[in-house]
Each structure stands twice: as structure tokens, then as C-alpha cells.
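Just passing along the structure, written as C-alpha cells.
Order of writing sets the chain letters: A, B, C, D and E. Residues in each chain are counted from 1.
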Amino acid sequence: MSQIVNPLPGKLHSGLVATEGGGSINTAAHPGPIVKLDQVYKSFGANQVLKGVSFEVAKGEMIAIIGASGSGKSTALRCIDRLEVIDQGSIEVCGIRVDSPTVDLKQLRLEVGIVFQSYNLFPHLTVEENILLALRHVKKLPRAEAHQVALRVLEQVGLQEKAAAYPEQLSGGQQQRVAIARSLAMSPKVMLFDEVTSALDPQLTGEVLRVMEDLAAGGMTMLLVTHEMAFAKRVADRIIYMHQGKVWEVGAGEMLDAPKTPELKAFLDNGL
Amino acid sequence: MKYALDFSTLLPYWPVFLNGAWLTLKMTAVAVVVGVAVGTLVAFAKRSQIQPLSRICAAYIEVVRNTPFLVQIFLLYFGLASIGIRMPTFAAAVLAMVINIAAYAAEIIRAGLESVPKGQIEAAECLGLSKWRIGWHVMLQPSIEKVYPALTSQFLLMMQASAMASQISAEELTAIANTVQSDTFRSLETYIVVAALYLALSLVIKLVTHVLGEYLFRRRRVVRQTAARNSRQAVRPPTASIARQGGAA
Amino acid sequence: DQMDDIKKAGKVRVAIAIGTPLFSYADANLQPTGSDVDTATELAKDLGVKLEIVAITTAARIPTLQAQRADLVISSLSITEERAKVVDFSTPYSAITIMVGAPKDVKIASYADLAGKRIGLTRATTNDALTTKEAKGAEIMRYEDDATLITSVVTGQVDIFSSTPSNMGEINKRAAGKNFEMKFSQLDSGLGITMNKGEPKLKEWINAWVNTNLHNGKLNTIYKKYHGRDLPANVVKPV
Amino acid sequence: MSFGSFTGTHLLYLFTSIWWTLVLSAVAFALGSIGGFGVMLARISPRRWLRWAALAYIECIQGIPLLILLFIVYFGLSVYGYSLPSLVAAGIAMMVYVSAYLGDIWRGCIDAMPKPQWEAAECLALGRWQTLRLVIIPQAVRLSLPPTVGFLVQIIKMTSLASVIGFVELTRAGQIINNSIFQPFLIFTIVGAFYFALCYPLSRWSEAMERKLNVANR
Amino acid sequence: MSQIVNPLPGKLHSGLVATEGGGSINTAAHPGPIVKLDQVYKSFGANQVLKGVSFEVAKGEMIAIIGASGSGKSTALRCIDRLEVIDQGSIEVCGIRVDSPTVDLKQLRLEVGIVFQSYNLFPHLTVEENILLALRHVKKLPRAEAHQVALRVLEQVGLQEKAAAYPEQLSGGQQQRVAIARSLAMSPKVMLFDEVTSALDPQLTGEVLRVMEDLAAGGMTMLLVTHEMAFAKRVADRIIYMHQGKVWEVGAGEMLDAPKTPELKAFLDNGL
């Protein structure tokens, strides 16, 4: 299995780039950022949703994407995991050229974990079976080992005792934590989160944010779309503000206190 | 004229009746198992991107669902034979039943597949599961669970439809009835006995499918038990959805 | 009394299974025809009432009578002891030969040769009763009427059958090249006009009618018209 | 191989037999609707024994093939001295069969009506029957239309079974022609095509109505 | 048609009891309160929802019931119109013993009008037909007269011009006003309202509250469950605070300013 490792001319970015250490068996070590978008364009029919989006995520970094509804945040995330195929530009994840037509999807998806607003748990499987499914059939782990992994990630999200429950028996917050655990179980190099708390009550939101904060503290590379400004400001290394399909402003948490562009100011005034 | 029902004449025939019932059950079982398998493939094929394939499947489903089973049997039994394809009665009858039930099952299962949220399929893709695994674990299993009641009532209709196989010399329950009544000249009694046997068979099938459902779909059982255990609070009765209507006539 | 009822109604309901070639079948214009149909027509004429044909299946011949759906059955119904227990027969008005037929190259000479073979016949007929009893070990395929049996033989679903020479004629006409022939005769039996029990007046009239028309040759003419030969001598008994 | 041939007479005969298929379908549907309405009322009755009786009726009839019901009615009625034409026998058997299914379908539609509608009518001092007649049924009819039309398709197909008791409808006509010219493949293809022409438009109509309802309810 | 008029030993209550005047044709004049609950108990399965509720409503009085979700407010209202059958205690409405197994339901429902949060209009009938239905089939009024009544009540709620519209063509507030008009048309002696504005926008809420205020001013006896504290305080003669299936505090509007029990205080602090 050979990846097209295409070292693009390096671009400076404000994040901390750590060189990749151990790495998984399948992926060649590569020095660049974990995720790199370069001039990405994407349209749905006549509706141009992404208009030249570029940004990078370094190893261990946690980046929050904010922006008004319809600004293209979800689409950007979906493009990174190749749920959408981009029209132009390039996306690289852990050295895998996502925009290549011959991209090894399985490999890509082993590197990337993604969690959506709607938890998308498999309703006919128990919490543990949800987690085991991909471990057994994609990673081909033996039963005992897979079980160990499942227990570990469930503990990580604080839901060991719910292993035998079915999704419908859980609260929204619990379901979302299971969804995170399910992604984590695959040991991805980077986790994408798309408004994972938008459908939850404030109280349940807390549980989920806490899990994400723990993850960030544990060194996971994370890219999350969120409306929780306070959380983004406190936890994220950098914040990307998207507006009308473009990266409009990028900066550390403090940028929310002093928006440079009127658009971000308007957005913050409305949202908070 | 006063007619007195007399079932005693039929007593010596009970092994014959049981044989017929057994054959009916056997034909139904084989047809159901093969038919659901074929129907599943057809359901996926109808959803496929390959236009000709999905068109053919759609045509197959519509033709079968809009013509009588009796005509299908005649067409298959005599029609195929007259163009040189011959098969034993049992095979012909079961084949007709498979062709019939597969179309109904395909339509039912397709409805189930369509109700799987797109997000779940995407979530499975993102976990790196292959197309086949997604089809089996994420799409088919919950679909079957959802449409299981509709499927089982289709099984019952199929069992009834097997009565028409008597017309092509399959010695199932109805054919037995025709023979016995001509032996005993007790037609009304014979058909009453046979009606009771069919009723018993359908109860057996209901029981078997229920037990099978409880076994296969653990979720329903677990959730129900936990709900009963956890909250003794009265729950409002669920609103019944409209009975899905199928049929094999 | 059924005789009075018939007269009062001005019509006689005769049950006939349409689907028995030469005896009763649909012609090219889909009108019922055959020796039994002609017999019924003559009978009604002599009775001075209209004829109403009740179209039924072979297996329904006796139940139809029991169910009072018809006054008479004239439908190649052989006179047998079992049947005579539940219905009344007239004296034989016609005859039928029951035989086993098969293609020329199949070797069959007796019931014993049928063991392990598939043999087709029509449900609830004398063929059915006789073959079921005698041909032990044969796989019997029962069809609902003669026409379905013939269709099955012609289309090749079965090769060996128990039927009548007239049906075999039909089969040979339609399945060219197979050369079906009679392997052995199972029974020669007289056919009776059938009515419910306990109708002496009707039975007497029918018997008289049969007698008359056997001797004036009318029934023989009808038989010959469709079957191409004279009625067997044992039917046309001397006076 | 080919013997005799399929003539215009045959085609005409098949055409006219469609009429009898339609007549029998109409009779079965009309009688079945009346019976089904009664079964539905019994199923939602406040009287427990009536509900149970209706449930037992539905369960029994749904467990017996129509073919057997046809035989029972055909031979049964007449051994007790009612000698009825086969149209009537078939009509009665199908009424029994259809009413069990329609009663069940319609009860589902009534059950699907929101409970507050019942309560609102009740609070206006409308009686049970008034509520049903003026408030519930008019709304349930809309809901019941797709499955009812869908079932009509089943009824048309079911009439083919009446052929076994000698009622000459489309299938029986096909058999009769086949008995005379022995071309089963051709004849039953034509017969099947006729049924398809009758049933397919109804199926599509039913599906279209169902889709519209689903969209409206979303 | 005889009612079981059972003069219970009189209980003092703080409201004003007016003796009943003219009265409808069917009901014997009775001196007591219009609605009287005495030690009412009601359970759903193991869940005891009403635990000895007693209160009275005098003629012309307007009483507001407040309380936390699940405290049994709706259940109490439903018991009064016998939509639920009580386990123990007694309820009397206009001299009709509601708890009696042989109660004349039709008579009871002619005396009581009830309006729910979900308007429950009949969607297949126009606004006017909704109102005519019971007038024609229960009161058996001739067409012309019924039409007059319908016009009058529609005017009362300010919706004359919507007579020919179907419910789905109306806003929520308009639908709720039609529901009120439909009840009014039957000339009930007492009207029950169960959170009739909860599903409405603030603006639409206003329309509906105004109608109810007019009604109260017109001398209608009213019992309403509401979350609109300001409205309750301004318009109601008395307020009943229910807590865990019991009447916890009763008083005039001012009791909201000085709650006597800590429970009411907590409820008011949360809710406002």
C-alpha cells in the first residue's frame, strides 16, 4: 500500500508543527502538518460553498472553526474525510492526498475520526457492539483485544457501565459520548467534530465538552466546528472564522475579544 | 333438505391430511428462506446506480405484484415446459412461490433500507467499513428488524397462496382435500378440516416467526425488559401505525 | 320430487366437466361440445325442457350433485360401487376404456412396470382410484381436469399417463413425434347418467330414455360422431 | 410447436371475461367494505367481548386461504339447500375474506387518528357515534385511501381463484381457451398482461397517494 | 334526567360565592359553587398524580392554577371534565356529581367548556363548521340559528372574517381563538383552559390572553392553568399553586409577591 506523499512547498503557519514520531504501521512518517487544505473549492450545483479555503492543522493542535450558518464549515470538514469530493485545490491528511481520485479511502478513514451533530449510532447494536463493529471488521482485531479497546474508550468518555445498553436507552449527551468513543477506538491521528453539542441541553453539553477537553489535553489533534464560543476560546489553540466559504480570520482565542474584521464582530455580537 | 355434518368418515384420512400439511409447510419454508434471500438482493439491486439493473428489478417487482399468483403458476409450469424447461412439481411450485415472495420481500426490504438515515451510512464509511459490511451490518440488519412484521405477514399470505399449487399437481393440503372429498363424498367436512389445518399452520408460523424475532432482534427484548424494570411509571400507549398491506393473491 | 321440479322450472340443469376431450370440451368457438354434451341436449329435448349446462371441474362432479347445483351429471362418470353408495346411476349410456399410455420407446406392460415412474392422471376419476390402488410405488401426478393432464403430457411434464384412448388421440395430435401408444388396458367401464338418490320417478324416466335411445341407435350415432367407432357391445345389450 | 391457433374469437372471449373479473371484484369490494366497516366498528367497540370477537374473526379468516373459503361456501351453502350461482358463492366467500382484511386496515387508520381529536369532540358533548361519524371517520378516510386502493389490487388478483369453482372470469377463460388450443405460454402471458393492465394503474395511484400523505404529514 | 345533587358539608373558602341565577334548562338551580373538588386522588399506574386536591370555584370567579411541570395541573382539569376518572374523593360541577359512575356525560359537557394547549380543531372542517358541529348535532339548533351563534362567538374572539378558512390556514393564535370560540358557542357555565398560550409566540399569546381577559370581564366562570404569571396576577381573582399533586398555596394575586412557602418561592424564582 503506497501513499502518494507529495511534499508541497511548505507554507508558514502559526501553529506548532511537531515531527511525527512512532506512527501507525501503514502510514509513512511525514514531516508536514496532519491536515492541510490548499485553495479548496467546492460547489453544490450553482451554489459555491467553499471558495478557496486554506489552512493547516499541526500535530497535537486543537483548532475550532466558527462561522455563521451556511458559511461552509460542515462542508470543509466533510471534504477532509472525503465525504464530499472537492472541485479544485488539494487536501492532505497524514500524507494522504485526499483529492486524488485513487485515494485509499480505508487508509484515510483509519487516520481520521469524525463525529457529527446527529450521533448516528447504529440503533440495533449495543453501545459496545457499536464500538466493536469497526474494530473487528476493519482493524480485524481478535475478539478479546477489541473488547479491551472498547472498554478503554468507554472509560475515557465515562460510560463503562453502559456497554450493554442500546442507544435509545441513553440520553443525547451519552449517545454523543458513545459516538466519540466509537471514533476514538480506531485510534485516529486526527478527530473532526461537527457541532457535536448543538442538539443537546446545556447540562448534557457540559458532559460532552468535558470529554473533548480531556482529549485535547491528552494531545489528540482535533478540528472542531462549534458554536460554543466560550469553550472554543478556552480550549482551542487557534480559531478559524469562516465567512461565505472563505477563511476570514485566524488567530488565538483572544481574537474573539478583538475582532479585526467587521464580519467577525457582527457574528460575535449576534451569537453571544 | 337437512344436511348433517359427519366428520367420522374423514378419520381414516388423518395421516394423508398431515402429509399434505407437512408438504405445505415445507414448501412455504423453502420459499420463504430462498425468497427473502433473493428479495434482499433485488432490493439492493433496485437501489443500485446501474440504471438497467435497477429498471429490470423494478419491472420484475411490478409485474409480479400486479398479476395473480395462479396465472404465474400456470405460466411457469406449462409455459416453461413448452419451451423446453422441465422440472418436478415440487420444484416448479416452490420456484413460483420464490419468484412471487421475492418481489414482495424486495419491496418491503427496500422500504426498510430507505429508512436507514444517511448519516448512519456515512458514519460507517467514516469508520472505514467496506461497502459490503455497511450493506450487511448498518443497512440490512436494522432494516430487517424494522420490516420484520410486514415480512412475516407476507409469509402467512405465501403459505395460503401455496394452496394454488394444487392446480399443478403438487400434493399439498388443498390437493389432498380435493382427493379426499372425491373419495369420501364429504366435501364440506373435508374443506372445514382443511381450513382448520391451515389455521393451525398459520398459528405455527406466527409462533415460529415470533420466537425467531425475539431471538434475532435482541434489542426489542432488552429495551422492553429494561423499561419494565426501571420505570413502573405507566407509559402512554403507542399509536398504531397503519397496517402495511401486502398480498400474494 | 326432482322430476316435477324440472318440469316446473322448464329446464334441466346438467353438470358437465368441460375439459374432457371428445366427451365434453370447448370447440374453436369456445362452445361446449362432445358426446356428453350432445347426449345432454337430446335428453333435454326429449324431456321437453330447456338445457342448462353447469360447467364444473372433474373433481366436482359428485359434490355438485350433492349440493343440488345440478339435476343430473352427464360427464363421463364411470359406474363404480363407491359412487353408487352416494348417488344413483342410470344403466350405462356410453362406455370408456381406461388405459395406460406412454411413448413407443418406453417399456411398460403391467402395473408392476410403473413402480418408480411418474404417471399423470386426472384427480377424482376412476383412473385415479384404480391406479392409486394397483400401481404401487409409482409417483402419481394428479391434475384437476383432462385438459390440464393433456397440457402436461404435451408440454412434457409427464410421459406416462392413465387416461382414455380418445385423450391419447388428442395428445398424439398435439405432441408430434412422441408416438404415444396404449401399453395396457386398465378397465372397460360403463358410464352412467348420475342423479341424487331417492328420485325413483326421475331414475325410471332416465333408464327408459337410455334404453330407447340405445336401441334406436341415437346414442351410438352420437358416440361414433366424436369417437369414430361404435359403442362396445356390452353397452348395447340385446333387448 | 403449435396446434390450432389463437384467433380473434379467443381474444374477444378473454376481453369479455375481463368484464366478469371486474364484476366479481366490484361485488367483493362492495360486500367486503360493508363487512369490513362492521368489523372495524366491532374492533374499536367499547364492549370488550365484541372487540375480542372481531379480533378472533380477523385472526381466523386471515389464517385460511381464500381457495378453501371458496370451497366451503360453494359446497357448504348448497348442502344446506341454498343453491346459488357461482357468482354469488364467490361473492360471499370474498366478502368474508375481504371484510377481515379491510376491517383490520381501517381499524389501523382509526387508531392512527390523534387521541386529542376524540377528546375535543367528547368535550363538545358529541356522543361516541357522532364523534366517529363527524370527526374521526372523515379524517381517517384520507389516511385509509392508499391502503384501501392497494387492497383493491389484491381483490382483483384474488378473483382469479373463483376459476376453481367454475366461475368464468379472466383466468378461467384462459384455461378454457388453453384446453382447446394448448398454447399455455401465449395464453397465460396474455391473461397476465390483462391483469397487469387492470392492477398496475391502481397500484401506482395508491403509491402516489401514499407519498402525498407522507409529505403532508412530515 | 335526574342529577345526583349531593350537598356536601359546606367548606369555607376565600372566594366569593354568588347564588346561581337563571340557569340552563336541564340543570336544577343549585346554591353551591360552580366547581367543587373535595379530596381528589388520582394515580396513573404507580404514579400518584393528585394527592387529595380540594378547591372550589364560585360563579363568575376566575381562578388561575400555577405549578411546576408534572405537578398535576392538567390532570386536575381533565378530571373536572371527566376525561380522567378519579380514584377517590368527589368532584361536583353545576350540581352534577362528576365522580358518579352514572354521571350524565352529555349534560356535564354542556356545562363545561375546555380548551387545550394543542388547539385540537377538526382539520377537515372550516372554522365555522368546527363551531357549527356541536351546535347542530348536540344542541340540535336549526341551521340559521346555529349560524347566528357561530358569528357571534367568532366576533367575540375577533375572527369573523375567518369563518370560511380551514384551520391549517390560520396562525397558532388564531387557531387557539377559534378553539375558544368553539367552546363558547355551547354557552358553558364554566370554562377550563389548559396552558392555552404555551405553544404560541409572545405576540400571538397577546391576542389569546386579551380574549380571555374579555371573557373574565364578561362574568364567565373560568379556571385556567397558565405559566403567564403577570397575566394571572392581573386578571385572576385567586391563584392556586399546585405542588406535587397538592394544593400548596391559595391566595389573591399578591401572593406571588410574598410567597409563604419555600416551594412557591423556588418556583417563582425559576420561572420568572
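Just so we're on the same page, a residue touches a chain if its C-beta (ideal position, glycine included) is under 8 Å from a C-beta of that chain, and two chains touch if they have at least 3 such contacts.
Source: prediction; values computed, not measured.
Peer 1: From chain E, which chain is the farthest off, judged by mean CA positions?
Peer 2: Relative to chain E, the chain whose C-alpha centre sits farthest away is C.
Peer 1: Please flag the chain sitting at the greatest distance from chain D, going by CA centroids.
Peer 2: Centre of mass proxy via C-alpha means gives A as farthest from chain D.
Peer 1: Just send me the rotation angle from a CA overlay of chain A on chain E, rounded to the nearest 5 degrees.
Peer 2: Rounded to 5 degrees, the superposing rotation is 160 degrees.
Peer 1: Cα centroid separation between chain D and chain E, in whole Å?
Peer 2: Inter-chain centre distance comes to 47 Å.
Peer 1: Just curious, how far off is chain B from chain A if you go by their C-alpha centres, in Å?
Peer 2: So the centre of chain A lies 46 Å away from the centre of chain B.
Peer 1: Measure off the straight-line distance from the CA centroid of chain A to the CA centroid of chain D, and report it in whole Å.
Peer 2: About 56 Å separates the centre of chain A from that of chain D.
Peer 1: Whole-Å distance, chain B centre to chain C centre, using C-alpha means?
Peer 2: 40
Peer 1: Multi-chain contacts only, two chains or more: what residues does chain A have there?
Peer 2: Within chain A, no residue touches at least two other chains.
Peer 1: If I count partner chains per residue in chain D, which residues reach a count of at least 2?
Peer 2: Residues 1, 75, 79, 81, 164, 175, 178, 184 of chain D each touch two or more of the other chains.
Peer 1: Would you mind listing the residues of chain B that make contact with two or more other chains?
Peer 2: 1, 78, 82, 166-167, 187
Peer 1: For a test of understanding, state which residues of chain B touch chain D in their complex under the given definition.
Peer 2: Against chain D, the touching part of chain B is residues 1-3, 62-63, 65-72, 74-75, 78-79, 82-83, 156, 160-161, 163-164, 166-167, 174, 177, 187-188, 191-192, 194-195, 198-199, 201-203, 239-245, 247, 249.
Peer 1: Going by the contact rule set out above, which residues of chain C touch chain D in the complex?
Peer 2: 18-19, 25-30, 54-57, 60, 63, 66-69, 144-145, 147-148, 150-151, 154-155, 173-176
Peer 1: Can you tell me which positions in chain C touch chain B when the two form their complex?
Peer 2: My answer: residues 59, 62-63, 66-68, 82-83, 85-86, 120, 123-124, 128-129, 141-144, 148, 151-152, 154-157.
Peer 1: How about chain A: which of its residues touch chain B in the complex?
Peer 2: 81, 83, 105-106, 109-110, 112-114, 116, 118, 120-124, 126, 133-134, 137-138, 164-166, 168-169, 179, 182-183, 186
Peer 1: Residues of chain B touching chain A in their complex?
Peer 2: 117, 119-120, 122-130, 133, 137-138, 141-142, 145, 217, 219, 222-223, 226
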